[in-house]
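Look at the two complexes coming up: chain A is in both, with chain B in one and chain C in the other.
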Partner chain A sequence: MIERMANGHAPASAAESLLRLYDERVEIEGFQKAVPRWCAGCGDNAVLAALQRLLRDEGLRPEKTVFVSGIGCSSRLPHYMNTYGFHGIHGRALPVAEGVRLARPDLHVFVNTGDGDCFSIGAAHWIHAIRYNMKMVVMVHDNQIYGLTKKQASPTSPANTVSNTTPRGSRLEAMNPLTVTLGVQNVSFVAQAADWIPEVLYDIVQAAFHHDGLAFVRIIQRCPEWMPSLLDPWLHDPGRVQLLHHENALSISPSLKMLYRNTLEHDPSDIHRAREVASSIDPLPIGILYHDPSVPRHDQILRENVVHSAESVRRLLDAEFDKFAVGARAGSA
Partner chain B sequence: MSEILEALKAEARRRRPNLQQDRASFYLTGRTADTQLADVAGLGLRAAPLAAYRRPEELRHDYPLILLADPEAPLRPLSGLIDDLLEARATGEDADRVRQLGLVLEQHLRARAEQQVVRLSEAWSQAVATMTAEDPTCAPHLERLTAARDVDGELVACTTDSARRIVTHVWSVVQAARVQRLAARLERLRHGLADILAAEQANSAAGLTPDRIAHSIGPVFAGELDVTALARLLTDNRPAFLLSDARRERVRRLLEVLESQQFMPPAGREGYEFVYDAPAAAIAAYHERFTATTELAKALVIAELEIDGRYREQAHDALFESWSVADLDAATLEMFPEYLVHCDLEQLSPADTIELLEALSDHLPINAVVCVNDLVPHAMAGGAGGLSPRTLTGAALGDGEAFILQVPASALAVAMDQLVRGCAAPRSALFAVYTGAGQWVADLPPFIAAAAATEARVFPAYCYDPSAGPTWADRFTLHVNPRVDEDWPVRPLRYADESLQHREVELAFTAADFFAGDARFLHHLALAGDDFGGTVVPFAEHLAKGSDAWTDELPYLLMVDAEDGLHRVLVDRPLLRLVGHILGKWRRLQERGGIHNSYAARELAHERAQWEAERAELIAAAKAASLGLTSGTGQAGPATGAPAAAPAVADLLDLGEEEDEPVARDPYQPWIETARCSTCNECTLVNDRMFAYNENRQAYIADADAGTFAELVQAAENCQVAIIHPGKPRNPAEPGLEDLIKRAEPFT
Partner chain C sequence: MSTTASAESGAGSTSTTGPRLTRITEHVVEIISDSGEGAQRCGQSFGAIAARSGHGIWTVEIIPAEIQPPSRSVAGASGNRVRLGSGRITNGGDAADLVVAFNEQVLLGRVRMNELRPGCTILLENMWRDHRDPGVVASYTETHDALVNAGYQVIEIPMERECRTIVRDARRGKNMFALGMLAAIYRFDLDLARDQVALTFRKKTRQLIEVNTRLLEAGYAWAQANLGFAYDMPATLTAEDQIVVNGNTALALGVVASGMEICAMYPITPATSASHYLSEIFAKVGGMVHQAEDEIAACTFAIGASYAGKCAVTITSGPGYSLKQEGIGLAVMGEIPLVVVNVQRGGPSTGQPTKVEQGDLMTTIFGSHGDAPKVVIAPSSIEDCFYSVIAARRIAETFNMVVVVLSDASLATAQQPFPRPRFDPAWLAPPIDQSQVPEGLAPYAWDATTGLARRFVPGQPGGMYTLTGLAHDPEAGIAYDPDSNAQGIQARSLKLAALQKSLITPTVVGEDSGELLVIGWGSTKGAIEEAAERVRAEGRRVSSLHLRFVNPLPGGLKEIMQRFEKVMTVEGNWSDDPDDALIDESNRRYSALATLLRSRYLIDVDSWSEVGGSPIKPGTVERAILNKLEQR
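Then we have the complex of A and B:
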């Protein structure tokens, strides 16, 4: 087991503990909905399983949780989660999630998006969401291809990827979304996970969930349908995966250490080192790259002193409606 | 002592044989009659270190304070504001002029504040008007400062009444923030509960009549819809959303409680009073409202559950039935308003005091501001017995449950953070403030008198905050006092002697210096005469020898008269004893604050002795070794050699969790490395009776006999992470085994 990062949660009062005793615990089946329509073997399944486990273990209530996505195979995830969900439009998962965060600060907000959805059509929203640092967990299922539309190169497809839009192989080197994210003002949490190491995937989403701000998690995801051998080198040779550990981040369990012998102690408060580590593709760094809990959250700054009372809502609505009112002008008959 | 000095002293004694006798007689009896000593009455004396503070209006100090509405910084000294403005705006070519005008403006404001309590903005415009009327050229420079001033509030000078006003202000600002949180929560809950009832109404047959539907659609489109058909459709086909009778009743009752409570009544309705003049009244009000507090606090918790849909009748009904305030969480109780009591120490009866102390000890939400107006002990003042500040704060401090801040009025701005903390703390707090009042011979402004009382250790400043940690070191601080690790603060005093030569002496400011300015102590003082040949010594020096020690060197104070003439003033024994007493108390307080701590000193001495003994032993051993002696244990090894056996690595390495035991596996049995399963569904699609998911949605072999060896091999091949191990065929009759065994080989 990889231990969860220390989080500053205050211990619950006796009364609160007593109340929790009577809360209904939702088991993993309670978070399942419909049969996933992903291809057999698709890495998206692993993300779904890790999240359902997280929700159960953290005792989250389905009606207090919302999954927001854009368009793509990965973006179908909210359909399979028995919580609130918003299957949005292509590239716009983040602005929708920001709206939810602001309007319903009591909900736990998760975002599932793809490499095409986030880094291509949604790139502008991605950058600004990092800067806004609103509390949510953002997971990019990076299969390095457009899966849903049957194989077009995405910004993270490696050079020479043959696809429907690049029949003679793509020309450009892949973009590194980790170093881009680490370059944005106000970045507060960046991690990289791999769908085929479920133990670490779980620990990372758990740490991300406890982070007080926007947690950006890139999940290297296998698409056996269109990129069947893309990740084989890393799957077949665990030495090419580098597990990050630190006393202020994750620690590696002994059984995992036996399989993944390539480990690196990395202090997640050091952004320069984080950028260096993040720029490596081989070995592939897996773990928490950067974490700064002190970065201010835009959702908190905006909501400071805002009391949403029945009265204030009525006042705001009236003010909006007044804009459309046709009032009699002074002097007119 | 040198011979010359000895000779001089003998000569002095010979020349004036009876002066020293007169002094000794005064020291013992406190009488000056029939002696050569003169009374001090009528001289208007004050302690020499206070000579510099004759014209307080010319001094820059913390007062007047500006009372602000900011709950984190509700006080700001005017001088601090002016400094900040000058720092920001006294720049460029006219920097010096702006600076000079800024300081003059401050003097004007201070003078105005001394006359009456006034708002800063008002006093400011008046002062600017006066200054520009006198000299119109200063207008543009002052305008720069005016434009930069971004705060406003009442300006309060230091008078004997201002302590109460200031602490009450800080309390009110902190209380307002607390009450604001409660108001917001009440509003949110009222809204949420009303929504539950409204939702039922909107979904009921009564809520879905054609009229209501038409009304909710509005006039523009209502004509385009058949609202009657729509009403029928909605009422016939939708599952009814009905609250159970019990829940509806519960929600109604909760709304009633939230709306009728008087802690934070909706606008326009009268609520409870929280500020009182007498402890008994505040405590009684708290007890009277106890049931209402419980009811509202409980309603807050239940309303949250209702709105979240988490209320379970089977469990919660019984649970809340038996709940009392003691069961509620601290965060809820912290939102409730607290009670403020302000009173003068001199007015507290013994019964009041006991009641107040009990309230503090029981954590009632009571903050008491007790103004102290007289520090002269009753015995010395010739009055009847009464409460001394030490009795009240000392008892509360001994009990250790309440927040306590003792501070002179002069240091209220310095102690602002502690004041705020005390008001915000969810437990009781006691603020004891010395106002600077007294019967001063020479006119002593309250600011100076209050500061002097703390300097002289007569009213030491301290703060005890039980929420700061478990130990005294965490909770108790004395640091507002000057020279906190000394008996008395010692400062240089500069003066001119008879031949107008500049002189400087180091002078301690003692409790005797403080009391000597009070009219009730005049008969404890006498002018020492002008011959000193070694027969009188400064007061602190005398005291240091032990206050009761009879020596032929009698204690004197340096005091100045109304014309700033310097006098040596003899002190009698009762005053000396009183000061000895005060010093003893100060030293005990120092110990509590970790200064000159006797336990620590004892521990240190013990450690030191031990260390020295060990060192001596080592030296002796080294010496013995250099003489070629062996240690005599018979085990002396070679000087260099194998190090002592290291503890087993396993003992040192704490892996933090159990190492996974390598499991001896039966090569015939199929198995899955479940912890590495990525839930990809490949195997479960092949055969979902053979392969199943565990409670973490990771695959395991549920029943190896539920399928064929061929299926096991196919799943192993399909598995993305190659964690399925098919084992050996279980049915020798299965067709194609030879090929299957070969295909299974990579997965063994």
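Then we have the complex of A and C:
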């Protein structure tokens, strides 16, 4: 409502404004755009559904929301979201999103990126985005393979992955993006979700949205086209998934508990324990690993409490020109 | 002026009644030292005092490539060249008339680079004569004697000894003593010089200002008492207010004046000082400088800010510009307004970070893969640096285009007075449009004639679209069909034509027809115009024309060129020497602008160029012009 008032639509009364707010709540259909062209069974669909639900539940205005992405299957997501979107270049979603965030504190900023986009070509931006801690939700759709370019090993592909660039199997051990992220100074929110557990995926993106800083969410997801059986061990045996819960993080619903019996009470304020939990692949930890709402945000640090105006520009230029003046006024400089 | 010196006969003096006064209209002065001895500060202050006395000035920084080169080394000269005169000065001039050197090695470096006028006056620190290292003594006396034998007027000065009566470490102070000497030699007002010292050290303690003022006064008194000469250079004090800044400061002031609020950058020589200064002042208007993790991030960060409604600037130099190319292509494709400042240096690769070159014209105009039309403005003076950024922001937002301001290392550090700008609120962008987008209006509703489309900014209800670097249709939908692709490319190209229609044909300096037209762009303007003027004074019909918009090129150029028998560009980049054994008309590579002019206008435009790393001198251009005139 405050945003609408800023646009010149002053509400007549509090009650009326509440009613209007209710009226203007955008339903899920309002956030849908083109029919996604992802493969059937692709984890990206689950992320899109969770986000559209989140936007509705949080009462976000489509015009006040920006989804920024890079290049890859996951980066098509903004095209399927009826908000503002920025489908940029490979690896650079984060700096674009930071620019949006710095220019416009009034917008909600989401980033959708993939394991190649974020952990490989955009790795430098990933590390520094964590360090800047600007307010945004960053979701890495990690299917552990390059999909759009037709199956090449990614930094998170497990060792021995057979791909078009590693026909005899990849030799390198997979990177663990969670431990890397948790090693960066200023990290403030780290979570891991899985596309096949939509309830927790939703809870995580919701918590991420409410985090006051950069929320880093790694989403383990299936690529039915190029890595159809990669995640089968975890899908077929829920005991190999470990759900994290804590009074200061997520709670697990009773129905979920019946399926996923392997749970761990994990305090998200404990970074050492978070790193330990993060280093496990089997069982696969799902939930909020780390949360520190007190980390300063660079977008707020950079912002001075000065209003930009013709008058402030005139004042500054005058003062600076005085400093560099020669000729008639020089003596008084 | 308070100079009524009754100098006792000192070194180099034969007078007993007062300094021998020589009337001059201009001089080139160099102050050189080891790095860290403050010659640059001395030169800058000297230039400022000259300007404040009503003289025209142009200063050139003499910068060694390393932060701390070995002391007393031929390649380590650090300092400043100040060309000052009674009238307006537009470039650093030719050879130096007077040099202050803190040791003989840095002096030797300048002599070997032919920067000194034969027989010029040299004020040389003589402490090396009594140095405890016999090698240093030998080197000093040898060089001194050689210079004297070569006809230079070498005056040995005990600067170290004199300064040590005031400060313990003369290394930090000799520069102000030298400034005092120069103020006396050029008969500047001592109070004005004191005032400048206070200004130069305004960020330091009161005590430090006092010590430096005493050093200044000591140098002034010493010169009056011991040097038997001084110069009388008439000044023209204008009623008009002027400011003196270097090109990078002017660029940063232009960023503020343009109304931009966000600068994303990554440190790179010789562009960084613009960002330094901007960082110092920007917060006062709510502006922000983001030092990104790399050049790519700086570019895409600025793109994000621009996309969100605040046209941003990214400031860089050649290597950084190369890294930004993909981002620049994205801004072209998405039609996001963006200002990119490229302060050129020597290239390719790391090249010569502190040296002057105009090697980036082609990469700036044609860079980024595919067809990526963008606007390129090349400022040709310090004043131009200021106004170019204001123009760049406005063009970027009017045409939703990338506008590159192509400066160089010469303008970056050169100082020149220009009329104090009068702020005009029209320089600023209007507030971000957050109005409802009319139903049915597409984000890329390209106008068939101009290619222009109204840009939607996040926050505008009804305008939701997804910007993409992929080929797209007017709805911003991904489009691989040939018609949509052609339509988009055409629209982005037409915008350049639409802008070109609004450009003014540049003025020819000199007659509008004749034997030779010299065309330049960017920082070479002053040297070219001065050279052409000198040749005209000898009765030759030579004119010059300088381009500020290098892409698109303004209309009317062909008609101008056709009125001259010969056309030649003068540029600070590579062109093959037609006299080289392997070079002939089928393989000769012309300079960048010449190549563009030849291909666009089918006129036989020749090019003369050099890549010497220093600003091109008027005398050098004069010789190139004379050679061209002699050619059959």
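The definition used in the following text is that the second predicted complex is superposed on the first by the 283 of 333 C-alpha atoms of A that agree within 3 Å, B and C clash if a C-alpha of one lies under 4 Å from a C-alpha of the other, contacts with A are read in each partner's own complex, and residues count from 1 in each chain.
The working rule: a residue touches a chain if its C-beta (ideal position, glycine included) is under 8 Å from a C-beta of that chain, and two chains touch if they have at least 3 such contacts.
Everything quoted here is computed from the prediction, not taken from an experiment.
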Touching partner for A:His87 - first (chain B), second (chain C), both, neither: second
More chain A residues in contact - chain B or chain C: C
Partner chain(s) touched by A:Arg261 [first = chain B, second = chain C, both, neither]: neither
Which of chain B and chain C A:Lys150 touches, first, second, both or neither: neither
Partner chain(s) touched by A:Arg171 [first = chain B, second = chain C, both, neither]: neither
Partner chain(s) touched by A:Leu317 [first = chain B, second = chain C, both, neither]: second
First (chain B), second (chain C), both or neither touched by A:Glu63: both
Chain A residues contacted in one complex by chain B, in the other by chain C: 61, 63-64, 307-310
Touching residues (chain side chain B, partner chain A) in the complex: 184, 187-188, 190-191, 194, 301, 305, 308-310, 312, 315-316, 319, 327-331, 655-657, 659-660, 675-682, 685, 695-698, 718, 720-722
Chain C - residues contacting chain A, complex: 48, 51-52, 54, 192, 195, 199, 237-245, 249, 253, 256-257, 259, 261-262, 264, 281, 283-288, 290, 292-294, 296-298, 300-310, 312, 326-327, 329-330, 417, 420-421, 423, 425, 428, 434, 456, 458-470, 477-478
Of chain A, residues touching chain C in the complex: 7, 34, 61-64, 66-68, 78-79, 81-89, 92, 94-104, 106-107, 124-125, 127-128, 302-304, 306-310, 312-318, 320-321, 323-331, 333
Footprint of chain B on chain A - complex, ascending: 1, 3, 13-16, 18-19, 21-24, 27-28, 36, 38, 40-43, 45-46, 48-49, 52-53, 61, 63-64, 195-199, 222, 224, 235, 251, 253-255, 258-259, 307-311
